[in-house]
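Each of the next two complexes has chain A plus one other chain: chain B in the first, chain C in the second.
Now for the complex of A and B:
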């Protein structure tokens, strides 16, 4: 079994793993939706799993594969537990926002509150509407005018 | 239980009052208005035991004729050994095993004082039933009085200098607590603090003297004891050392020990320059003043000097200084007493003055001087306790007012108090045949015999035993430098010994005679101001100014009888002097050789009586039958009256020399403590606070930030590992 696969395959595998991990990390740090955060954590796990498989193939042994099976098993259990937590958290607050849970901060620090977005007077953009299919289009004088101008 | 065994009785005398004190403390609330029961019963039982001891001791002593030198009689019982230290663990040239045997002793001096302490204590306790009635602190008072009787009897019964020191402090503590009995009153709290602090100066002297005794004599025991290896350890006042005339240190060390003892005695017995606490101590309840600050505790200094007589006799200079201090104090206190208007303060200065007499007598170093001092101690305990209780009775009836200018003519309201007070005043003034007359005569005789030794010897010519001549010979032996050098090797002499001349004692004798006249004057000034003249009562007394209840007047009557007859009885039978001569301390050769046949000195008695009569007559001219709030004849003294009224500015001088500098030092120390030391501590406390203030912002409660911190941490670790791998 000690067949060493060519190096580029390892590099590719590691690259994919690293990208998955980084995506998961950024998502975990940037998103506040509990379910999305959980998914991001899973993504990080899978990134690790991919790199483990890559190394395992590189070294030509089963260690990495076995570990990945373990990771999958644990991730499945963890998913069950974590989703229960998420459900309970939602039942309590009616929100999936992780910022709803801030009670463990230092007593004299202010609660972090989302900033209201500034109200804009901007008119919502108008998008062109498609005509219903199978019906002869009515002539629209305004559209014609516009078309001439273009 | 075998009550004929002296050791049982000797232990019971202090033990029963101690039990009474503990019982009163434990059951104070249960006993309520009857909280005097344990104290009176306990001190009464102790008094019975003390009388039995005294009679047993008297039987032991009698059988020795007047002509033979007295045989020392002592009985020592050791209860247990305390604080044993092996010689093996000690450093120094000749290490000795150290231990403190808790030993009680019985000898004539102790037996006499035990009877006085428990007897006056019993009368004071009975008197207090009436005086303290209704005071919320009644149980506390009786517990303290019992505790005081315990401590004082242990002080005079202890047979070890360390135990003496322990109970010296214990009586001081009882005194402090009783002066400050009404502690919510600022003056009382201040007076208690003053007494405590001034006494510390004296106590320091006693402590250092004890160290020096251990260094010099290798033991602290009074009695001879047997060491663990079977060798005899001669006690400081034991028979072995007493028999040897040169066994006591003279010179610098001996004089230092004696001067430190004198310092201790000056503190406890309120002698110059440490007398300032006693007049203020009158803030305490009057029965406590009577027992502690007149009859017993203040005589502890007299007891100490009398007990260590052989040590003092070996240092004539220190001994003479005792006399000088005593006679000076007697004169100064008497002068101040002449213009005081507070009845209790007059008596306080009188106490200081009479204690000065006793010291003057002790300082003569003769057997007559020592026994006369104890004789005066005994009679003084009777008549001064009586006078204080009489003053308390007046105070009780006058609603707490004690300023003599505010009342007068009280003999019509309080006949029993007036009569008994008069008896006490006659005894204090030294009028024949009251007690003070005889004891004062003995003291004057002791001083006279040292001032005019040869004349005194001639005076007794033809008497069976020519003791005076022998005494004079002894003095000449000690006084003249060549003979002193023969007795003791050169360095044993001290420069202070130059004081020990007949001229000194002649001066002291005249000072004492003047004091006698002053004593009679201020005593009868107080009597006339209080009890004669138009009857006036301060408004504080209300409409019920009346004679005190029987529990107060009966002790007064008993003491009045004792003040009237005890002097004559004890003098005419010579029982006290003969009895005391068997005290081991007084059987040292140098003391015993000065024994003189008991004789009544007519010439001195006439001088003393004339002095007393002069004082009484002047007081009568100035005060008899006059209103006490009018202008007083003392104003003719001019500036001197101001000087005496301000107590010769002792307090002011001490305030300027000692209190103020100490306050400045205390202020500086307080500043350093508050700002420098506390500032450092605060600084140390602020460092973690500041760090915490910075770090606490990390604890935001936002889960993403925690995750970020974790990521940064992991990155740092990875970077570190990589950096290390790169070299």
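Now for the complex of A and C:
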């Protein structure tokens, strides 16, 4: 048997990939916004890519790199089709809410009922106001008329 | 270094603590539809717990791997993981998308350190440059003003956080086992090893391997891609075409449906 001990960097790469995959899974399970769910799925794909490149480095061949290139391709296709579906879903329900499609759930699962949310005390954003400078120019009635004729 | 402050804790304790802290921190950080003050204090506490979980995993990585020796890897991995967590827990989907761009920057740094020069660049160009911008376009088209109620609540935040943390614990356990006992994962049968030993173009990892960090990395990757995997490249091209045609078909049929509905409404 010919045993190659994984290099420390390979183990680190696998750990980072596992963490990214788990974070994406939590988001995909918990969040309700359709677009955020797709972002979390992409995060899981990133975790997979990191693991594949780490294994590629360990085994010393191109397989992992080639697979990651195909992951990129499929992710591009998936994003295109998924975003079209999301836009259609938004056009029908006016919401980006996955619970708007809960009639597709399993028969034995309870219905998601939204409770009344407490008010946020979030401060509305304050945008800077420019101080008015100079004098407003006098309007030239003749010029305005001429412009309308053009 | 935070990790060097915890020299005497066993890896098992580190893993259990890290997994528990991850679950608790994600549960506190996820939106749960509460009032502003409770939400803010829960986010602070969740952030602190998340830092504790990060410290536990850095210490674990130091036991198993080289985290802390390679400073660049540590920095880019921290950027990727922290921005990934922020993507998951951001209330506003626009912020989530922008945090995801930051996570992509971290991931491409990790890929670069691991020797994927082409992939690091391709991740930025394809993901951040094309896919993420498409997400942002759709967000700008579809996002209502202000924070929607469904962005302020989660489906089963506790169960989701526990499921993710348990998965992370299992994965870390198996990674730790293969670091401690490489024979469980990385053994090559003797016959194949003998075959590989005669390989003339052996890379630094021993016989049968290629030099991934060679100067002509991209040329070699292209040779592999368009040589051994040529058929897969063709299939990927067909897949892209099908996705393009399919998305256009779905959009135009949806528009036709809407027009039909409108005309039915107009002529009762």
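In this text, the second predicted complex is superposed on the first by the 104 of 150 C-alpha atoms of A that agree within 3 Å, B and C clash if a C-alpha of one lies under 4 Å from a C-alpha of the other, contacts with A are read in each partner's own complex, and residues count from 1 in each chain.
Here, a contact is a pair of C-beta atoms (placed from the backbone, for glycine too) under 8 Å apart; a residue touches a chain by one contact, two chains touch by 3 or more.
Note that the structure is a prediction, hence the values are computed from the model and not measured.
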Touching partner for A:25 - first (chain B), second (chain C), both, neither: both
Touching partner for A:101 - first (chain B), second (chain C), both, neither: first
Which superposed partner A:73 touches (first chain B, second chain C, both, neither): second
Which superposed partner A:109 touches (first chain B, second chain C, both, neither): first
Touching partner for A:91 - first (chain B), second (chain C), both, neither: second
Which partner reaches more residues of chain A (counting touched residues only), chain B or chain C: C
Residues on chain A lying within both footprints (that of chain B and that of chain C): 25, 29-30, 32, 98-99, 112
Footprint of chain B on chain A - complex, ascending: 25, 28-30, 32, 98-99, 101-106, 108-109, 111-112
Contact footprint of chain A on chain B as seen in their complex: 696-697, 699-704, 707-708, 711
Touching residues (chain side chain C, partner chain A) in the complex: 22, 26, 30, 33-37, 39, 57, 60-61, 64-67, 69-70, 73, 77, 80-81, 84-85, 87-90, 93, 96-97, 100, 103-104, 107, 110-111, 113-116, 118-119, 122-123, 126-127, 130-131, 134-135, 138-139, 141-143, 147-157, 159-161, 163-165, 167-168, 171-172, 175, 178-179, 182-183, 185-190, 193, 196, 203-206, 208-212, 220-221, 224-225, 229, 232, 236, 239-240, 242-244, 246-247, 250-251, 254, 258
List of chain A residues in touch with chain C within their complex: 1-6, 8-16, 18-27, 29-33, 35-36, 38-40, 42-43, 46, 49-50, 53-54, 56-62, 65-66, 68-70, 72-81, 83-88, 90-91, 95-99, 112, 114-115, 117-122
